[in-house]
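So, here's a batch of structures to check.
What follows is chain A paired twice: with chain B in the first complex and chain C in the second.
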Partner chain A sequence: MCKVSKIAAFGLASVLVLTSLASCGGSKESGASSQSGEKKLRVGLTTSSMVTDYEDNYFTNYLEEKLGFELEFYMLPADAAETRTKVALMATSNEDLPDVLVVDGHLTNEMILEYGSNGFFMELDDITKDAARMPNYNAIPAEDRKLMDKAQTMADGHMYSLSAWEPETWNLTPNRMFINKAWLDKLGLQPPKTTDELKKVLIAMRDGDPNGNGIKDEIGVYGFSGGGYGENTTAALMNSFVFWNGGGVNGGLALDKDGKTVIAPFVSEEWRDGLRYMNDLYKEGVLSANIFTDDYQTFKALLNQDPQVVGVTTAGSLSNWPDVINNANYAEMLFIEPLKGPKGVQYTPYAEFTPTQELMILSSTDKLDMAVKFADQFFDHDTSIIERYGQEGVDWTREPSVLAEHSNAYIAEGLYDKLSLVITSTVWADNQKQTWRNHGPRYAGLEMGNTTYDFSAGKKFDPEDTSQLFGKNYKMYYDKHPQKVLPALKYTMDEAEQIQDQLTTIPDFVKQSLAEFVTGMRDVDKDWDSYLKMLDDMGLKQWIKNAQTAYDRN
Partner chain B sequence: MKKFRDLSLDDKVFHIAVFTILTIFFIIVLYPCIFVISASFSSGRAVQAGKVVLWPVDFSLEGYKTVFHTKNVWIGFRNSLFYTIVGTLINIVMTITAAYCLSRKDLPGRNGIMLLFTFTMFFNGGLIPSYILVQKLGILNTPFALLLPGAIGVYNLIVARTFLVNTIPSELLEASMIDGCSDIKYFIYVILPLSKSILAVLVLFYGVAHWNAYFNAMIYLHDKNLFPLTLFLREILMSTQIDPGTVQDPEMQARLQDMVAVIKYALIMVSVVPVLVIYPFVQKYFVKGVMIGSVKG
Partner chain C sequence: MTNRTEALPGNNKKLSKRIVARWQLYLLLVLPILYLIVFSYVPMGGLVLAFKKYNAAKGIWGSQWVGLDNFRKFFSSYKSITVIKNTLTISLYSLVISFPIPIIFALLLNAMICDKYRKVIQTVTYIPYFISTVVMVGLVFQVLDSRNGLYGSLYHLMTGMPAANILADGRLFKHIYVWSGVWQTTGYSAIIYIAALTGVDQSLHEAAKIDGANRLQRMMYVDIPAILPTASIMLVLAVGNTMNLGYEKVLLMQNDLNLNYSEVISTYVYKVGLASGITNFSLSTAIGVFNSLVNFVLLTLANWVCKRLNGSGIF
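Coming up: the complex of A and B.
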């Protein structure tokens, strides 16, 4: 009896809590319905786990003040796939929708095209051209604006989204090659400049026990092929034979020397030479097969092993060596140029900067003017800075006296005269409520990106600092690609459907075959023809044909 | 139970083999748990460099400090607690009442009703119709979206019904009726006290499901103040996975990983501990209840 009444009491209590919470939810809803009169813009925003508060947020408040109306949030998940699911659900149910979406680049061009052409997203062709409605967008230098327009134009020739234009040279050539300088010095060798020299150096490293522990544990070339940010060392080596962007953008397709014809580098004789070279390194025991099997965790762990076991690697981020300034393993490393192949080819995986599509206006909105004003505000110069770096005077400064005290790697290399901005807080690495973590469209030209200095760690720029590679990277890597590179292609829905299978299976097959050729599971001489045949059966020709059509439309 | 040395040779070999295999399985299951605990007490740099193998390296409470200083974690914790308690309560009430009715042989159309329930185990409307249903009911972006859909788990209903059919003899009903007991009274004073073990099992099943649920919350909610802990946890876990195709600034993203490594494991601990704490108390009923329900079914 007693127990029953306890349960009943508990149940009653819970019901009370439930109803109180429900009523609070209810009041919120009535608030939402009365808002159409109150002029609040409803923003569907992809969240970031690093932002602790969106309502009481410096950037939110800044925008509301500039725009003269309030923002209300409709939260979208941080994960790309989940955002896509949620947008799909919104599109089918078509009720209770936000006015604009800010999606952090989570929607693919094909999805934007689909939702745009079926009228879920509003067509923005005329609005973007109208300087009265979008003054900031139209104030962007014509040259860059043209590129943005082009990126925003989907395969049907219309624009449904606004993009973030923020090229930074550092990210375009992530396969930065590092060689163990301490080992070279010990063995009395020079840093290699060609693939042949690399082989000699690696063999010396293999036999000379340069880490001095008496065990033959030096592993020569290391990386991990699944890496998305320069960790695929085989892609870097392949570029001493033929240009290959690493398989990411357009699945690795490239342009022929004429700059007009779309080709697949992975069926060329040069590719075969590259495979032979790497297979040779593998047979010498100086290229680790773990490149093809290791994951990010293992890669990082091995890079930081004590004593050092890695001779050569490529990596995009120096954060692979935690606390890089004091990292003993990184201190041994030397940043070198891409290697020259036997035929003089010296490229590095490179993909053109592609603006991400950030903001869409939903056709169902009844506050179009507010939505356009909101969208345009992001292209304002100051807003673009605040969006990325936070509050002026707190998180960053452009005080001339402060700027004069600092420099950066690009300026040290003589590429620019002076800084435009110094970052003074760790807002990017913190849980914070100063920004939305750079979610939203934006315009920041190349110069703006390259003339900032990050002083958040309280350490002034030191030209001797081996972790300051921006300038070197620009000089040694930025132009190491063919003059014309295949831009990220936009397929029509029909084209995309035709090559749906190819787009996923062929890049995977190429990667897998590369591993098999290098490790000798397939023979470069004997099995090459069957490899080509296999690609043919998978529909490579159709893919190249559609890619060519998409490229010609551009 | 005989002492080990008294066993015959065959039995000895058997015992040794069984213990070895079980020990290996135990270690396989235990290791990830220990790793997460150790990693949560280590410094982010040690975790990132892969130095944590078994015990914490560079002992640090940094992760927990960050987790407990994050407002979202508290919001999530509060909401998860609410959804779990209220949601489980609704589940239990719905399930046990339905199970009781279906266990009564004198319920007209019993098999038909059961068939309808079972039907939903194999066929359902799918994502988009469910979403539209929730929307039309007007509970999108309210707590009810997480409490009402799936208020009865059919699997649990079957377990509960089978339990009631098999353990509570129908003579009890006759006896109570003769003493002048109504159906409702019989249910409250006879059935409920006798089905404590199945109730415990249901609480555990439903409670854990509510605590871990994230998909419905992800789909139906868009107000941060209503998000359960799992959504925040997932957000943080997601931000460690670099997909350079969609990230504007991989360099920055890569640096962010150091920060995330610190809080990831601490947050996993925070979200798992409540379940771990409750489990031992329910566990004794657990094996009993679920076995009685299923085997004889």
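Coming up: the complex of A and C.
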């Protein structure tokens, strides 16, 4: 009996030990096939969970046919942080490397600069200029290509990556403002055009019980300051006083009127006026402190509460009102222009379209010609469409007869004559093996983006549909920013290091102070100087100085 | 009754002989030790990063030495004092509250006569432990919402006035953090004490009863001394974790209005090291090392106090 249990114990223990060891050694097999077949290009590709198959994939097959050689995949994680770690490990180990990387914009400019300048990524300055080697890239209209070149050039003046150029206008101005039209009608008021009018309207809403439930539960201005897509109403209101991009790009720095000097809008007198205005609304009880404390769930819940309690809000996505076409609360809302401030300022948070850096060639490759051909193929017009939308005739069409049947919001607003493409399948929303889900460089001009219509839901464009705001947005919001806007800056390693602390702390501090000034925890008149002093202590000057240097290099 | 310690083979023999005699147990021990080596001791080598300027191309060992530069950077940052202060305030507050409460709870539960009722209470208080942090914080926000939450609704019902937004007041952050933690972990933490209490020799209770001790006195003189060794070890363990405030929970609970009170070392490390566009692993590591050092001092102190008080510590 004793013997049996001894044997059992030994067996159990050794099994445990062995399994733990076995799991450590499992991952070696993936690289083994790389030596076979010299005509294969090895692509390190960021995966997407929605692509079910990369080998038997329409886009893979399409590329292989166009290029005349086969592709072999080295899968990278879908998550941005994991991809960065993986690439960092590649650079450190320098073993078993792919020939090219397709990273879905996951690497930051600083990373690209670091790996480029130390020779892990190949410098592409001459290759991109060579029309014989990159015919498609050189066929891009000069104006757009110049911007792409600029975006691809890192702080040391060299290019290490190729980008995706696919501008559109909808996402650049997400702080779309909505006001409750039903309430306005009930109170006999006009939609406000200026900040002063807004205040009057809000006070009337507060006192008039426009939702008719007998309780004073109307919130005037509502929003959600932690929101990443236009939900921060305070940013929209601040732009009636001074242009502020909302703190995302460059931590909220901007350009002075001369278009040359980098400034911090959040230390200006105009900013202070904006704080005063919002503090005033807060004191009147028509701007809710919930803007600063609510999370996304609460935000959405409150927007959709029955009866409606929200007077004014901003939002980028209409999905904040579920089933927007039939949503009763959304039906009461009216999309209005950015408000004019007392000094006539009428901006909206805006960040320039910045191409994402998508493809790098590794210096260690011995198949440079193949790699360059592969990279260039992405800039071909048809490839650019297929990469994003899938197979022609199946997922999309450019049949003139079909195009003529459809329209879209831009055409309805008279911005374009006719469509160039109609999406006919739900490939973007599905698990599929038709595309790589738009991973890779690309060239699709603004006109192309604006002249497509998404017919995947089987619903024709209806100009009466109040949820079709693309055209209105373009008209009312797109140009509401200063002529010159500070582009996303690229710092050198040294510059970045000097202002590391500032980049982490100042944008947070600004948002926090804005909340405190608006809710009266700090006094706009008394505590303003200490606020400035605090920013000074945190090294704002150094930050602006480095930003200026980085901008001037541009 | 035979003397058990003498029955064990070779208590005075050499280590190797003792291992051979009980090899099955040592074989099972291999796995946890391996785990500790791979996941705890080997990564500790990475701490040299705190004294280097990390360069991905050169790797951890090849990067350039910079001495105490990273530490200097942290202490000269305007945030450092706030961050250290917040970490200490929240963690000590949390320790003072959430350490004794499970003990009291276990003692009360133990004193309960109805067995079925006791089991129900134990299960109910135990359940919140299994709620993930994200959901937990979501729940807290919902309950404390000043308009539609339980708090807001009750306040409105009682006073007829709209409730103040308590999530907007940064000074209340630590209370919300600590007490929601109490709600979540009391049931779970009490288990070990309940187990210790079940192990109390019933004859002691009987003897106390015969001597005329009432329920309270039995609790004072029988139950508490019985769980004191467990409690002191738990205290040392808890102190060992003081500085490791759950960063997930703090990060999720942060908003613009409480940042002055809610930024702690671990969230700051995360922001410097990963969340900002420019990642600085060296600075993050340096702050982490500082955090661990403070924690180490606290732990040694707690252990020393425990040993002084009742002769049992961890080391």
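Brief remarks follow.
In this section, the second predicted complex is superposed on the first by the 516 of 554 C-alpha atoms of A that agree within 3 Å, B and C clash if a C-alpha of one lies under 4 Å from a C-alpha of the other, contacts with A are read in each partner's own complex, and residues count from 1 in each chain.
Here is the rule we use: contacts are C-beta pairs under 8 Å (C-beta built on N, C-alpha and C of every residue); 3 or more make two chains touch, one makes a residue touch a chain.
Keep in mind the model is a prediction, meaning the values are calculated, not measured.
For the composite obtained by overlaying on chain A, chain B and chain C cannot both be accommodated without a clash. In the superposed pair of complexes, A:Asp537 makes contact with chain C only, with no contact to chain B.
After overlaying the two complexes on the shared chain, residue contacts for A:Thr92 are found with chain B and with chain C alike. In the superposition on chain A, A:Phe121 makes contact with neither chain B nor chain C.
Within the superposed three-chain model, A:Ala429 lies in touch with chain B and out of touch with chain C [touch as defined at top].
Contacts of A:Leu514 after superposition on the shared chain: chain C is touched, whereas chain B is not. When the two complexes are overlaid on their common chain A, residue A:Asp323 makes contact with chain B while staying clear of chain C. By the touch criterion stated above, A:Ser225 is placed in contact with chain C alone, chain B being left untouched. Looking at the shared chain after the overlay, A:Glu166 reaches chain B, while chain C stays out of its contact range.
In the superposition on chain A, A:Asp295 makes contact with chain C only, not with chain B. Chain A has more of its residues touched by B than by the other of chain B and chain C.
Across the two superposed structures, the residue set of chain A contacted by chain B and also by chain C is 10, 14, 17, 88, 92, 297-298, 301. Looking at the complex, you find that chain A touches chain B at residues 3-4, 10-11, 14, 17-18, 21-22, 25-26, 28-29, 44, 47-50, 52-54, 73-80, 82, 85-86, 88-89, 92-93, 95-96, 104-106, 164, 166, 168, 170-171, 174, 228-229, 248-249, 297-298, 300-301, 304, 316-317, 319-320, 322-323, 356, 428-431, 438.
Chain C meets chain A in the complex at residues 24, 27-28, 30-31, 34-35, 55-57, 59, 73, 77-79, 138, 141-142, 145-148, 165, 167-168, 255-257, 259-260, 271-272, 274-278, 280, 283.
Of all residues in chain B, those touching chain A in their complex are 45, 48-51, 66, 69-72, 82, 85-86, 89, 93, 127-128, 131-132, 135, 140, 142-144, 147, 188-189, 192-193, 218-219, 221-224, 226-227, 231-232, 234-236, 238-239, 242-252, 254-259.
Put simply, chain A touches chain C in their complex at residues 6, 9-10, 13-14, 16-17, 20, 81, 88, 91-92, 108, 110, 114-115, 118, 120, 217, 225-226, 289-290, 292-295, 297-298, 301-302, 305, 491, 496-497, 500-501, 503-505, 508, 511-512, 514-516, 519, 521, 534, 537-538.
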